[in-house]
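Take a look at the structures listed below.
In what comes next, chain A is part of two complexes: it sits with chain B in the first one and with chain C in the second one.
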Partner chain A sequence: MRGLLWLTWRQHRWVLCSTAVVVLLASWLLIELDLANTPGDAVPLSGFYAQLVQTAFGGLVGMFWGAPLVAREFEERTYLVAWGQDVSPERWLAGKVALLGLVAVLLAVPIGLGDGYRGHQDVSWDVFEVSPLVQAGYVLFGLAAGVLMSALVRHTLTSMGLTLALYVAVRMVMSLGARDHYLPTERVLSEVGEARQLPEGVQIVETGYLDGDGHVMGMPSECTAFVNPQNCIRTHGGAHSFVDFQPIDRLPGFQVAEFFAFTAFAAGLFFLAFLRLRRGWRPSRSHRRIAA
Partner chain B sequence: MGIHVEGVSKWVLRDCSFELPSGSVTALVGANGAGKTTLLSLLAGLLSADSGQVRADGRVAFVAQDKPLYKHFTATDALSFGKHTNKVWDQERAVGWLSRFGVPLKRASGRLSGGQRAHISFAVALGSRPDVLLLDEPLSELDPLVRKEVTAALLGFVADEGTTLVLSTHVVSELSGVADRLLLLAQGELLVSGEVDDLLGSHVSYVGPVSTAAPGPGDVVLARHTAAQSQFLVRTPSPVSVAEPWVSRPVSLEDLVLAHLEVAE
Partner chain C sequence: MTGLLWVTWRQHRAVVSWTTVLVLVVVLFSPDLIDWAFRNAFGAVVAVFWGAPLVAREFEERTYLVAWGQDVSPARWLAVKCGLLGSAAVVLAALLDVRQIGFTLFGFALGVVAGFVTRRTVPAIAFTLVGYVLVRWLFAGETSVWLFESSVLCGVFGAVLIPVAFVLLSWRTNAFRMGVA
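The block that comes next holds the complex of A and B.
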């Protein structure tokens, strides 16, 4: 294994070092801006900068570390060298993933530290991704997506494109669809048209109306024309309005859940990549050794 | 047994069977596209056969025709790579090869000549002390002047270690004095397989007046006719002398290979 770590470092030291420099500069800026700003109603530009960094990091690592990993060996035909020694392709991949994965997780820590505008009052659903743990999950997933695509298509540019597509698709599905439902939502009811009392800092998942039996009802089409449709809704059988939400004290737990979800995805993708290498290049030379 | 191949088919290759004893030196010849690289890749374990069995005993090292190397690695890096990825490593032997052929140790291999890169590939392969060494067109990148020296050095190494060596080539004139066994492929079929001495002993060339049939026993491999004379290269278990005005001549390995290749065209 030490030999493989040497090889990984020798082959990828420039991309590792340059990524590290960019990440450290980007996160220094994040933290600086974070401390310099006071939270207000509007999100300042620095907040968007933070979102950009925290959205892009995992995908970029997937594209630039993961996607070329196997594909470039095929393009330059060096897989003949890499897998022609006493090291099997699976062990070779394990060595690479171990070192790259470790460095990626270490770099995820500063990326997850600052949100660019909220100072120390970091506890908010708006900055869900400002968490070293969540960022570690994302970067492992990005790397795994890159490695799998790389093993499947064996062409660096195609593999980079597919990695980006897979990363964006899964991140969107998870953040728009799945994340709000890691635990069942809580519900607050109020009379139709009355002001409702919500705990502070909640993430609103859904709002709507209930009929007299407590069933969710759609907005009656006749009512959509009104500026204040409450009376119309009442006459059409609406008894209560409801708000489904996730309370703010669930935020840390959800971040842990997000980390485990993405780490599980990553494990699945790495497993598929290992299967791909194993099926394509068995028997390697040591497997074919005949017992005396 | 060093290498055992039975009924193997893959892509162009059809139903190839042969055995190579350990410590033997085998030349694999054939026209471009005959299946030499496919066969070597099967022996190296880089491909798996569609049918049949391939067995190579012990550790196999394969040097591909284009001598792939990491472009940013220097020769020193390439040797460290070999040391880090092999259970057995002979640094002295690998460094010895590089210094013998004057390969710069500190320059990235992307900036070296094709011949120098070939030497790095050989050094890595030899340093890993393989039991079976497979070389695909090993001399193709090399200067004609050093080909003989490289061949002699390779043969010296494998003879010392008892390594089974298989080397492919389409340059037939490089063969003499190198291999003790011959495998001849044409369009995926193994036409000739055996020890060079046996093959030379079982082929003979008859030269005489223009004729449609060979004057002696044996299967005609190749017949050539000019206005004045006919020449038949025949394969026969025991060459016999032929009556005047015919003359029988022994064939050289080059003649034998060329005749088989020409017929297979």
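The block that comes next holds the complex of A and C.
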């Protein structure tokens, strides 16, 4: 185990150090701007780029730590040395993943502390991703995606590209689609055309109209032409307008749910990577063959 | 010349194809948010996946010994590769947004230079990404720096970086002839 610790540090020190520098810079900007928060100001450019690092952090770790992990060993044929020791390939991978995963989670903590001016409020749905726990989940998922891709395709550049694509796709599906529905939404009804009373800071999921029986009805096609369609909707049977939303006090719970969801994804991907390594780590005949 | 054309296509067809597919999907179908994000990330995608591996991989896999040992001179090899891939990138960028042409050219050139400097793929990708983001950051606030749009300025940077790449190439090939590399 001591040997594996040394090996991991020796092989990955450059990428670890440069990631740490980026993390320090970005989290300093995020926290500094968060503390200097004066309401009404626009997000400064440094804050925007720090938020970019915050958004992309899990994917970057996946691309630069995870994707080359196994793929480079195959590409450079160093797996012959690495796995020819008394440490089995699974042990080798487990040690590396544990060490790198631990460091990645530690680096995710400062990344999740500051909001870089966003939202101007410390508790808001706008700053969902500003949480060490959520960032830890993202970074574990990114690492797992990278490791699985590198075990599958065995080619560094391809596995980096695939890792990025998988990470972006899953994050997008989860944040645009799934996240709003971790718990059933609450609904507020009001008369059609009347101003609605919503609690502070809610995340609006859906709005629309109900007919007399309380069923959701679509916008009648005749009404779309009006600037103020309320009268038209009433005459077409609309009884109420509704708003489905997630109240603000659910935010911490949803962040925990997001962490567990991404950690579960990560566990699944790590499991597949181990399976792949155990089953067939010997290179196929076609691997790196120069095709005509 | 047809040989070089064929080599360029043969080596880069995968990355060129999937980038083209992505661009077409975004241009034809994509919703606003993804559209905006992809438009602004396109230069970085070209920089990281087209530019950075271009020479870095030749060094890493030692295939430069083959590539530059032909009757086609290394400078010509680089000129054709940069010309073809650069113009393909410009066409794709123009499909997305005219402003992206400058950023894309800059990213591509930066990637090629980073490949010569590091001579390894992953560090070249990392340097390219950091350099690209830093330059975009420095000029993003300015709608006009010396009367130029930031995208025009980035395009000019790219045009300056291409000769730098040729100078680096001549250094490397001299070292190669003298048996240092």
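Simple rule for what comes next: the second predicted complex is superposed on the first by the 265 of 292 C-alpha atoms of A that agree within 3 Å, B and C clash if a C-alpha of one lies under 4 Å from a C-alpha of the other, contacts with A are read in each partner's own complex, and residues count from 1 in each chain.
Just so we're on the same page, contacts are C-beta pairs under 8 Å (C-beta built on N, C-alpha and C of every residue); 3 or more make two chains touch, one makes a residue touch a chain.
Source: prediction; values computed, not measured.
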Chain B versus chain C as contact partner of A:Gln11, first or second or both or neither: first
Touching partner for A:Gly47 - first (chain B), second (chain C), both, neither: neither
First, second, both or neither for A:Gly62, with chain B first and chain C second: neither
First, second, both or neither for A:Gly142, with chain B first and chain C second: neither
Contacts of A:Gly116 with chain B and chain C, given as first, second, both or neither: neither
Chain C versus chain B, contacts on chain A by residue: B
Partner chain(s) touched by A:Leu157 [first = chain B, second = chain C, both, neither]: second
Which of chain B and chain C A:Pro229 touches, first, second, both or neither: neither
Chain A positions touched by chain B in one structure and by chain C in the second: none
Residue numbers on chain A that touch chain B, as the complex places them: 2-4, 6-7, 10-11, 76-78, 80-87, 92, 281-290
Residues of chain C defined as touching chain A within the complex: 14-15, 18, 33-34, 49, 53, 57, 121-123, 125-126, 130, 133, 137, 140-141
Touching residues on chain B, where the partner in the complex is chain A: 44-46, 48, 55-62, 64, 66, 68-73, 77, 80-88, 121, 124, 128
Complex contacts: residues of chain A adjacent to chain C: 14-15, 18, 22, 45-46, 48-49, 52, 64, 68, 72, 156-158, 160-161, 172, 176
